[in-house]
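Read the structure below first, then the notes.
Think of it as A, B, C, D and E in the order they're written, each chain with its own count starting at 1.
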Amino acid sequence: MHSKLNSLLKSDVRLEEGLTACMNCGICTAICPAAEYFEYDPRSIAVTVQSGNEEEIATLLESDTIWYCGQCMSCKTRCPRNNCPGLIISVLRKVSQETGAFVQSRMGRQQYLIVKNIGMNILNYGYCVHPTILMPENHPEQGPVWKWVYENMGEVYASVGANLNGDGPGAMRKISGADLGELHRIFKESGGLKFYETIEHFSKIKALELGFVNENGEADMEKYTQHLLQEI
Amino acid sequence: MENFIIIPFTVGLIYLTLVLIYRFVKWVRGLSKLDKLRLVQSFKIRRMLRSLKEVFYEGLLHRKIFRKNPVLGYMHMSLAFGWFLLIVLGHIEVMAARRSLLVPFYLPVFFRYFETGTTFFASGIFSFLMDFFLLIVLSGVALAMLKRFKKQLFGMKKTTRLKTGDRMALTSLWLIFPLRLLAEGMSAELYGNGSFLTSSVGHIIGSFSSESTNLVLWTAYSCALGFFFAALPNSRYMHIPTEVLLIFVRNAGIRLKKRNNTYTDIQVFSCSRCGLCLDNCQMAAAGINHAQSVYILKNIRNNNLTDEQLFNCLLCGKCEVDCPVGINTIDLRITQRIESTLQYNSSYNYLEDLPARKASTIYFAGCMTHLTPGIIASMKTLFHMAGENVWFMDEEKAPCCGRPLMLAGQHDAASKLIVNNTRKILGSGAKTLVVSCPICYKVFREDYELGNVEVLFHAEYISRLIREQIILPGKTTTRIVYHDPCELGRGMGMFEPPREVLRATGKVIPVKNEKQMAHCCGGSLGNLKISQQERAVLRNQAVKDYQQYLPDVLATACPLCKKTFARHRGIEVMDIAEIVVSSIRKSAEVVPVKASVKEEAFAEELV
Amino acid sequence: MNRFLPDVLIHTTEMMKNKHVAVIGGGIAGMEAASVLARQGLKVTLVEKQKATGGKLNDWHHLFPDFSSPGVVVENLDKKTVRAGVNVVCHTEISHIERNNGRFELSDQRDVKIFADAVIVASGFHVFDATLKEEYGYGLFSNVITSVDFERRMKKHGKLLTLQGTEPRRVAIIHCVGSRDAKVGNIYCSKVCCITGIKQAIEINKMLPECEVFCFYMDLRLYGSKFDSLYLEAQKRHKIQFIRGRLSEAAERPDKSLQLKAEDTLQGRPLRMNVDLVILLVGMEPALSNSSLMRNNQMKPDENGFFRSVNMHEARNVGTQEGIFMAGTAICPMAVNETLENARSAALEVMNFLRTDKNHGGF
Amino acid sequence: METKTKTRWSEHNKEIADDHFFYLRSCIRQNFNPAAEKIFLSILQKNLGKDIYDDPRHTTCTGIGYHADIVPFETLQTVIARQFSLMAEKGYKNCAVSCITSFGCYNEVLATWKQFPDEMAKAGENLRKATGREFEMPENLSHSCDIIYKFRKEIARQARYRLVHRETGEPLKIVDHIGCHYAKIFPEKSVGGSEYSRVLTGMIEAWGGESVDYPERRHCCGFGFRHYLIKNNRSYSISNSRKKFVSMEPYRPDAILTNCPGCNMFMDRWQYTLAQIEGKTYGGGTNGIPVLSHEELAGLVLGYDPWKDLGLQMHQVDVEPLLQKIGIVYDPAQKFAGVNGKYINEPLFTGCFNPHN
Amino acid sequence: MEDFSFLNPGSRQIDFDNFDDRLLLYVLEYEPSFVTCISCGGCTATCSAGNLTNFNVRKIGLWLRRGETEKLSQEIEKCMFCGKCTLVCPRDINIRNVILLIKKRISELKTENQPV
């Protein structure tokens, strides 16, 4: 698998855009919001990918490191060589998920949670986020006003002129079945669904490896999810 | 009664005696149980005689100083031995005069004052001898005064710096004998009990002669003595009594063992601060004038030793060579380093217990040799020629031998490395361990417990190969000056094997500063404080000295010396292993038939 | 005296006397080239757009690496040009070079015309406009200045103060501003900024011994023979600290000090620092007049916008248009001493060219 | 995607279409500030007399999923191609994007298609296979803040209020926060580049306020996609927002203006959260600093009702202090009223601290 | 309410305005040559301990300069004092002494900080 990593990375056009030639100036790390809080250095990631050292890249794909980036793309603005470490990270993350390396790291494993949350929202609602699933108990930081909105959802949205779950246009309107159907087919055609499945597939293997098995001998993804939520 | 004149002297003497008894008892009691046993066992006639002989030679005659510098030797001898003879003869004189073996202790000191008659047996001879010895002592005092102000006359570049306590003792010491001369002169004038010296002096000062002046002079003399005795315990003259104890303790086989004990005190108090170590110390050339052994000893005694002094020493051992008291300065300094770094932590948990390779011989190049790959290549060639099954132990991954840590005082840390290396060496089943670095050699020989494994320095190994005609170096006319590495020469006493090896390849030129008095290259790992610029000064000094002998090559047997000298562009430096290999190559070129087998070896090495 | 010269040389010397060379740019390169040519007996016109010769050196306070005075250099060059009989024309900016029948016609906006058999373009360089690096806040924050501002301030006031009039306690010197930066279109190294930064850091330390000075660099390019020893001295004696990392952004704080963000790349960790003053080491760019000078003839820019040489090793002063030569920083960034050497070599190239000029027989 | 300039970014003017927009909504804005999108349409249609079409068929761009790395780039491209297809179908050529993440994604996809035509062909084929649709690239892509910026002077002319203190006459101090993906990825697609973007300061100044610079102005709010989405990772988000608040505190701003729906929500909510954790706010007393989006601010100066029209009651940090400073007339009783003024309960408390504790 | 442990991890940013320079000043007082370090990494490359583990002399110097005493005191325990670093240093810095000084100061600080 490792011998192919470089070609896997290079097959993504975003790598060509993201990495021309790094001169190690550190301008990206200087303003990186993630570098300030994590053992994370976008410069060294760019250098590792630039070096083409498959062993180091493989380590990177299995590590928490690549998952620290917050994708703010501040690095893109400043680079004197027109590189974009954030984009390199995107490609690394994609390859990490395609090869299953992501389940080796705590941060990587969380991708399963995102698929189950945002991923499913997109397919179910046509929105990335939807008020009905923003439960105050999972979002204490949203505060009492959101709690009030959540508990009086229909009335509040209507009072400000939104069209919550309604037909026709407007904020938070219901995306019609026909449009959701098109979205589904796009996901199927363009590899989006397959990507979801890949993430689930490797997550199941990991769940089994961690001993989350139900009575049928299959992976118990409910327990795995709980495990991921608590894993620090 | 004019007996009161003995009071200052008596008080001083009693005080001194009490202090000495207190200190000697404390020091002896402070020794370990084993050391005490050693001391007790040393009181056998033969060993005692040996010690007494040493006391006589070194404590009184100052033989070592004599050898180093006759004038200085005479100064010390005239003072010590002259005074000793005065005391001994004085007693005999009193015994003869009183016809008794039991005489009051003060009488010989003030004899000319109390005994005005000259009627006893051989009194003339006695007074002549007493005057003669007094003259000798006085000449010593004169020299001492001269030395203080004109040290160059004594071939000394430096004298030690004095403190108040020392100054008091020194002044009173200088006064004792001139006062004695005056007092005895006065008595001689009054009573005619003097000889050539005292009578002459008596005539000169005769115009002042009176009973009362006589009394004043004798009182002054007594005071000077008493004052000197009182000042002695807190001055450097404490070395006079301590040295006697030191000689007995040392001859009993007592040594410092990585920690301070009262043996440290005995050595510290034995230092006469003669300053001979200052002259032997190369560091002065680099402007380092605060860290020499004499100052270290003084500061240990005064409890104000700083790291900057303690670690600013090459540990070359040259000061030890000429120490008239025989203080073990290197051990003493390393012990202080150990004491000062006791709190330092080290952790070598990362050392892996790598499996040892089975081999008959192990080669341990050492850290420094890794910076001189030429030595490694030469050693490999030699091993190949010898057809040895050699395991190059630290070719890839191996810890340091531990010696640098020891030099830095971190003995416990070093032991951790020693344990790791020992396990591997013993695990390989080897019979011989060859090292090409004297720093490693010293620690392997002294601190490793390797059982039956023979530790060979590469010089020994190579000379063995030459003797057994396994290798055939070609002797040329190359002029070689051999530089004795400190750790190997003074450190391990190995002077001959490297020279033997070199003699097989060229002409070894003897130089003035070699063997015990060889230069330090300046690169020493023992010094943690010296800067590279200062090291360069020392190195240049050594090179300049060697260059006088117009060598074609400067040979050394230490990678660190080689590396240090190599930074001087004006001289070609080679390790003995390199010289041997290159001479084999040259001779192989001349006589290809003989060396055909070996040529293959070179070819292999060259690949 | 002519009996010592071969006939051919006597002929060419006589011939050369009638040749006219125009030198564009009265900076040190132009002055040196013009005076060398004039001393060889050529007619030389030196055209300068400013009111006096000397160029950028007139603004400099001290030269690296010996802290010598640029004023002395300019003064000596002035004397040389006057003595050699160079015709100096100031207040004239050549915007046009045209070649007609093997001669050149130089003209400015006001239709001043100069005719010449050969031209040396010594138009110098343009200082990078630091306001283009908006994230450094030059022009926005008054305590962000450039290395050029530093030289001018030092020359004028002899001291360095912050906007508030206080002595800075901490100064950051930023290397590679406008150089090696694709974001501003300059991918080349300006070469002299590193040593300039070190020189200025030392000057600050000498002036304000209590002031901490930091240099933010990526690579220190100290190519000159004495440059690296100045670097060592800066560390050793002047306690200048060097941080490897490019400045990412400077932001003004309420007290007008500046918050800097960079990476300590040797550690791989972001670094934040507040300083009282920031000095941006601005690089050299092609002179603004280059494009107009290139118009109407065969001169070409190189990949960085400086004048392209026929061959960067053997014919560095020779332009792509026959008869037009370049001297000094019109070719690429260079230091004062290199510029002067380069100018002399340009003069030599011109003489060789005029001697072998085919229209006049030559040899 | 070479970005190279010899001119100052702050002087950079992007091209913003004048009329006939196809509106692309934002998931987050619809969720948390639905009225902001409504008022944007009203301002364009009623105040500025522009044509903007709100197509119910368009979906999320999947940008959050894309940047959280669960949606592949190919899928993102195809979903965006579908949006463009809808737009072309309705005869529009100019996009008006509500979301900054979407804005970044659209720009990224367009730039990729320009540089790698194969990618565009692949997206077209995917779209065709999935939906039978064809698509055209838009002629102009603007964020809603670009459009407000373009018409800021017209809005100022129609404004009922100015951003000055009612009593002192001093301009109100407003700090801006530009969403990272507005200008950091493609500065040429922004008004004034990424360092000193003028898109929000232009509005503030046009409407009488004073734009205040602060050191961490360009720092990310800390959303970080996967960081906020996973509860255990939220320390990243809050730490970065905190960094901004600490930096702006000494300047005592009257309000924070953002152009990004995510930043808008986070800067509002994190003030409350930080106050709960640390027991302090970084300005605005116990209430915190009001956070407004460009649509909301435009709505306010134009005199729209803060509750019914602008939905500002959905903010945790009360906007009333700001309204009072400007002198906006509002009915406090109507704040938490339902449709037609019906009483529907009230939040436990607003602002940063529970006054009952 | 729960705090998402948002100060954990704390900022990794090197804050040049607040750092513990006591150790650094001590080292510079007794070994001024340290100031000339150019972080070339020659020491790290030759290091005997570094050959066996991830001990990095260059980083020791960097940590010293950034006041990271905690990290430093752990890491410095790995040094074997062999002195190769000093021999290869292009700036002739007495690295061995730097390490000795660090060890000394750390042991002193440990005793100073101990509760009486």
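Things to note:
To be clear about the criterion, contacts are C-beta pairs under 8 Å (C-beta built on N, C-alpha and C of every residue); 3 or more make two chains touch, one makes a residue touch a chain.
Which chain is which protein? Per UniProt: A = 4Fe-4S ferredoxin-type domain-containing protein; B = (Fe-S)-binding protein; D = Heterodisulfide reductase subunit B; E = 4Fe-4S dicluster domain-containing protein.
As the structure is a prediction and not an experimental result, all values here were calculated from the model.
Look past chain E and you find the other chains held together by touch in these sets: A, C, D | B.
Ranked by distance of CA centroids from chain B ((Fe-S)-binding protein), the top chain is D. Note on interfaces A-E and A-C: more C-beta pairs are in contact across A-C. Chain E has its Cα centroid nearest to the centroid of all protein Cα atoms in the structure.
Between the CA-based centres of chain A and chain C the separation comes to 51 Å, rounded to the whole angstrom. Between chain A and chain B ((Fe-S)-binding protein), the centres computed from C-alpha atoms are 74 Å apart.
If each chain is reduced to the centroid of its CA atoms, chain C and chain E end up 42 Å from each other.
The mean-CA centres of chain B ((Fe-S)-binding protein) and chain D are about 84 angstrom from one another, to the nearest whole unit.
Residue numbers of chain A whose C-beta contacts span two or more other chains: 31, 35-38, 77, 82, 140-141. In chain E, the residues that reach two or more other chains under the touch definition are 1, 4, 9, 11-13, 33.
Residues of chain D found to touch two or more other chains are 2-4, 195, 218, 231, 234-235, 238-239, 273. Across the interface of their complex, chain A is touched by residues 135, 176, 180-183, 218, 244-249, 261-265, 268-271 of chain C. If you check the complex, the residues on chain E that touch chain B ((Fe-S)-binding protein) are 30, 33, 46, 48-49, 51-53, 55, 73, 77-84, 86-88, 92, 94, 96-97, 100, 103-104, 106-107, 110-111. Across the complex, chain C is touched by residues 2-10, 193, 195-196, 213-218, 250-251 of chain D.
The part of chain E that touches chain C in the complex is made up of residues 12-17, 32-33, 35-36, 38-39, 58-59, 62-63, 65-66, 91. Put simply, chain C touches chain E in their complex at residues 232, 235-236, 239, 241-242, 244, 264, 266-267, 269-274.
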